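What follows is a set of structures to go through.
The following pair of complexes shares a single chain, chain A, combined with chain B in the former and chain C in the latter.
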Partner chain A sequence: MAIALVASFCVSLAVGAVDIPLSQVIDTLLGRDVPETTSQIIEVLRLPRTVEAMIVGAALGVAGACLQGALNNPLASPDVIGVTGGAGFGAMLIILLFPESQALLPMSALFFGLLAAALVFFIGFAGRGGGNITRIILAGIAIAALFSAATAAIMAAYPDRVPNGIFFLVGGLTSTGWDNLQQVWPYFLVGFVLAVFMIRPLDRLMLGDDVAASLGSRPRLIRLLAALAAAILAAAAASIAGLLAFLGLVVPHLVRLMGGARNQTYVMPVSALTGAALLTAADTLARTVRAPIEMPVGPFLVLLGVPLFLWLLRKAV
Partner chain B sequence: MSLGRKTPEFDDRAPLLEASKVRVEIGGEQILESASLTLEKGELVAVVGPNGAGKSTFARAFCGLRRPEGGAIRWMGIDLSELRGRRLARVRAYVPQRAQVPNGVSVQAAVNIGRSTHLKPLQGLSGEDRDVVSESIARARMEGFEDRDLSTLSGGEMQRVQIAIALAQGAPVLVADEPTAQLDLGATAAISKMLRELVAEGMGVLLIVHDLALAAAIADRVVVMSHGRTIATGTPQAVLTSQLISDVWGVEAELVQREGRSALHVEWLDRH
Partner chain C sequence: MTTVAARPQPSFSRLIGLVTVLAVFFAGFAMLAPQADAAKRQRVVAISPFAAATMVKLGMKPIAVGQTLGGDRRKPKQLNGIPVLKLSHPNGPNLERLAQIRPTIVFTSSRWAKGTSAMRQLGIRVVNADPTTVGGVYKSVTLMGRVLRRQKQANALKRRMNSQIRFATRNFKSRPKVMLMLGVGRTPFTFLKNSWGGEIVSKAGGILVTGGASGQGGFARISDEVVVAENPDVIIAVPHGSVTDISEVSDYILNNEAWQTTNAFKSKRVFVSVDNELLQAGTDVGPVIQKVRRQFLKNW
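This part shows the complex of A and B:
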């Protein structure tokens, strides 16, 4: 998987509206002498976007692994804790109501994504019997429905501006340089660090709440922190790449089906690599299929991911 | 872990576990009114009682899985409320009644997770930890099963893996809630023998069982519970009198001693 990631990284830098030979890509990365335009294309346009794709892909892979472990539910994805619905609302709010403040879009998506997750956690974890998995999931579905309805309402109110939002709603990366990442990188960092620390507690939880408790962990706290890591990563991902929750759902499954093992020590890091490779590959397709027109990456991700997933699924059952 | 407060030292001379007058309410209902017991090194104590007497709730309370509303619980002289995380994990291991059986996890990986209580976050298993893991697997009589997926094991084998996970914790006390409830006679005998071996090595073992015959056969002492209270404690012969069995279970039965073994004779039906 690491090889797949390196390969998709290099190809992603090489192909596009202008194809650049791989040798020149490597020369640019190593700071050797290459034509000015070539290094411009790579450093200003393609490198930031490829790095974005890798970080977003890794974040969604890890978010999915965290959530599926925390909720002990193979259907869990960032949708389930409301992040997708909240981020979608936050982005559409800017696109439809305040189109002149486009620069605020990532922060708005991030804010509402985290707000939705916070509401879900509050309802799901507060009071007696809090931390119950069914309660968290139902709270998530309710909050997600609420934000989706709000999004639909503002879309109905400003139908003429809706096309501007499609790129975000289906998930798409843009070649806007390092600006987006500069705004949200601390969230990615916090999310990834927290997720790494949840690997062992989630492994314990896999053996059951009582075994985890016997080993000195607190199952409720593990659930909350792992879901929090997932929420931060998914909201940060949505803020720069739109709604790609499908990736969060499917990547951990791909990883489990490929390797067979279920422990997070394996699933989480490999999910990061797989998510990064898959999104980078899909984004390369999205940029090149109808070059120079750039398509949103979401449909291409599904196009790549679903056949792979179904093929593995068929083998497994 | 609170800052600025000295962590108290374990007292080797104190009983492994001392629980007195433990009280638990669930949803406003008193499940446990007053339950007490002590456990010493090298001793197997069985908590017995009818279904719904509060045995499992008591075990969860003194193991720190559920906060009690009242009473005192001390592990090797230290109050349970002072024990958290890794320190609590090192004093007692709890084997739950029904194990969650994930697929895609090997016996080896599961027992490794049990050993993680000895590691700091992000620290890997040392050579010494790996030795303890292999030894735990051997003590639970699961050698040769290391690479088997948990989902392929039988009930008895899964129970032994649970015990191996608990042993890898390296705690002096093993608490097991109905470890043999769903096992056949052969598997029950194998687990019982293994638990006696652990006791012979100096561990304290606490069993929650509803099977009186089993308790009488393997326990050094029994603690009888009824309606949320511990009502009697002592050797099986001294405590499990026909009178007490009749009072608590409503069954006519008698504990019979023959050639150093005890057996429970039950009058199942009045058929003549």
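This part shows the complex of A and C:
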């Protein structure tokens, strides 16, 4: 999977709407003299976007692995804890109501994504019976529906601006230089670090709550922290690339089907690599298939991911 | 003595005069030269159709223009042959292609605001020039004149617009109730008073009917019941989309069963406007108002 990631990284830098010889791409990366336009295209447009695709893909892969482990549910994805609905609302708020303030889009999506997750955690974990998986999932569905309805309401109020938001709703990366990453990298860092610390506790949780508790673990706390890591990663990813929850759902399954192992020590890091490789490859397709027009990456992700997933599923069954 | 002393005086004063003339000439040249030089150095891309057309009126040509949805009939012929950049959400032009043509200035629209940050990182000066109101047109012309160092031409253009608008907005006999509908696919939206089309229709003597709807966006989806209740005298449909979709959308609007009971349908005053004039702002405000009066509000 590491090889696939390196390959997708190289292809992503080498191809685009403008043909640039591979030798010039390498020269640019090595800091050698190349035409100014070439260095601008590689350094300002392609490199940041490729790095974004890798980080976002890795974040969604890890978020999916964390959630499926924490909720012990193979259908868990960032949708389930309301992050996707919240981030979508935050983004559409800026796109439709404050189109002049595009720079605020990542932070708005992040804020509302985390707010939605916080509401789900509050409902799901507080009080008697808190931490019950069914309760968390149902709270997530309710909060996601709430934010989706709010998003639909503002879309109906500003119909002429809706096309600007479709790209975000379908999921797509854009060339914005390093701006987006500069705003949200601390959230990715916190999310990844927290997720790494949750690998072992989640492995223990796989044995069941009672066994985990008998080993000294606190299942409710593990579930909360793992879901928190997933929420931070998914919200940060949505703030950059829009709603790509499919990646969070399918990548951990792909990893389990490919490798056979189910423990988080294997699933989480390999999900990060797989998510990064898949999103980088899909984004390369999205910006080159109909160049110079750029397509949203969401459909390409599905196009690449679903056949692979179904093939592995058939093999496994 | 007197003769000898008197002779140098006229030549000295002539010399002073010559020096003054030369000084004025060189000062004037020095003031104009950097402007002409700067204007030559500017490589301008006009993404919004408004900016492209306004540049032509200011006596300049962009090195590339943005693609126009809904047809090119309003495009000035001076722009023929200039490369057209395809536009797509959310950035607008493909930024790699844009970098390749090395513009120094891009006149853009808030619709493509997502791409602004990367354009600036490419060292391009990005200026928003896509107004949606008549007042906004004046402001944008002033701004473009300043950016392109064509203030004199911009002021002349504004004076011309003033007189054209004055001429186009006189002698109204009466004011009909007008409903202006935007057709996107099979979903019609009403133009509100704060939209470009709404403002033009009002200036052309129509009373814009919106069913009481208001909002910042300039358009609202209103119920067919409201259309029937408001009973407009004139309905103007503005199909929006690619050129190939326009006839289909027009057919749908013209044959809408729900509106058959309105005055507009009964008196066969349902029109389709296809040239983007009611959708896209331009400096041709006066001629557009006149055209609306002549084509859609005749005899009012």
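In this section, the second predicted complex is superposed on the first by the 307 of 317 C-alpha atoms of A that agree within 3 Å, B and C clash if a C-alpha of one lies under 4 Å from a C-alpha of the other, contacts with A are read in each partner's own complex, and residues count from 1 in each chain.
As a convention for this text, contacts are C-beta pairs under 8 Å (C-beta built on N, C-alpha and C of every residue); 3 or more make two chains touch, one makes a residue touch a chain.
These figures come from a predicted structure and were not determined experimentally.
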item: Combined model on chain A: chain C and chain B, fit or clash; value: fit
item: Spatial angle chain C-chain A-chain B, Cα centroids [nearest 10 degrees]; value: 160
item: First (chain B), second (chain C), both or neither touched by A:E294; value: second
item: Touching partner for A:G16 - first (chain B), second (chain C), both, neither; value: second
item: Which superposed partner A:R135 touches (first chain B, second chain C, both, neither); value: neither
item: First, second, both or neither for A:A213, with chain B first and chain C second; value: first
item: Touching partner for A:F168 - first (chain B), second (chain C), both, neither; value: second
item: Contacts of A:A156 with chain B and chain C, given as first, second, both or neither; value: second
item: Larger contact residue set on chain A - chain B or chain C; value: C
item: After fitting on chain A: smallest Cα gap, chain B-chain C, Å; value: 40
item: Set intersection of chain A contacts, chain C complex versus chain B complex; value: none
item: Complex contact set, residues of chain B against chain A; value: 63-65, 84-90, 92-96, 99-100, 102-106, 109-110, 113-114, 116-117, 119, 121-122, 162, 165-166, 169
item: Parts of chain C lying in touch with chain A, wherever the complex brings them together; value: 85-86, 88-91, 93-97, 99-100, 102, 110-111, 113-118, 121-123, 182, 184, 187, 189, 215-221
item: Contacting residues of chain A [partner chain B, same complex]; value: 196-197, 200, 203-204, 206-211, 213-217, 256, 260-263
item: In the complex with chain C, residue positions of chain A that touch it; value: 16-18, 37, 40-41, 44-46, 96-97, 99-100, 102-103, 105, 156-161, 163-164, 166-168, 172, 174-177, 179, 291-294
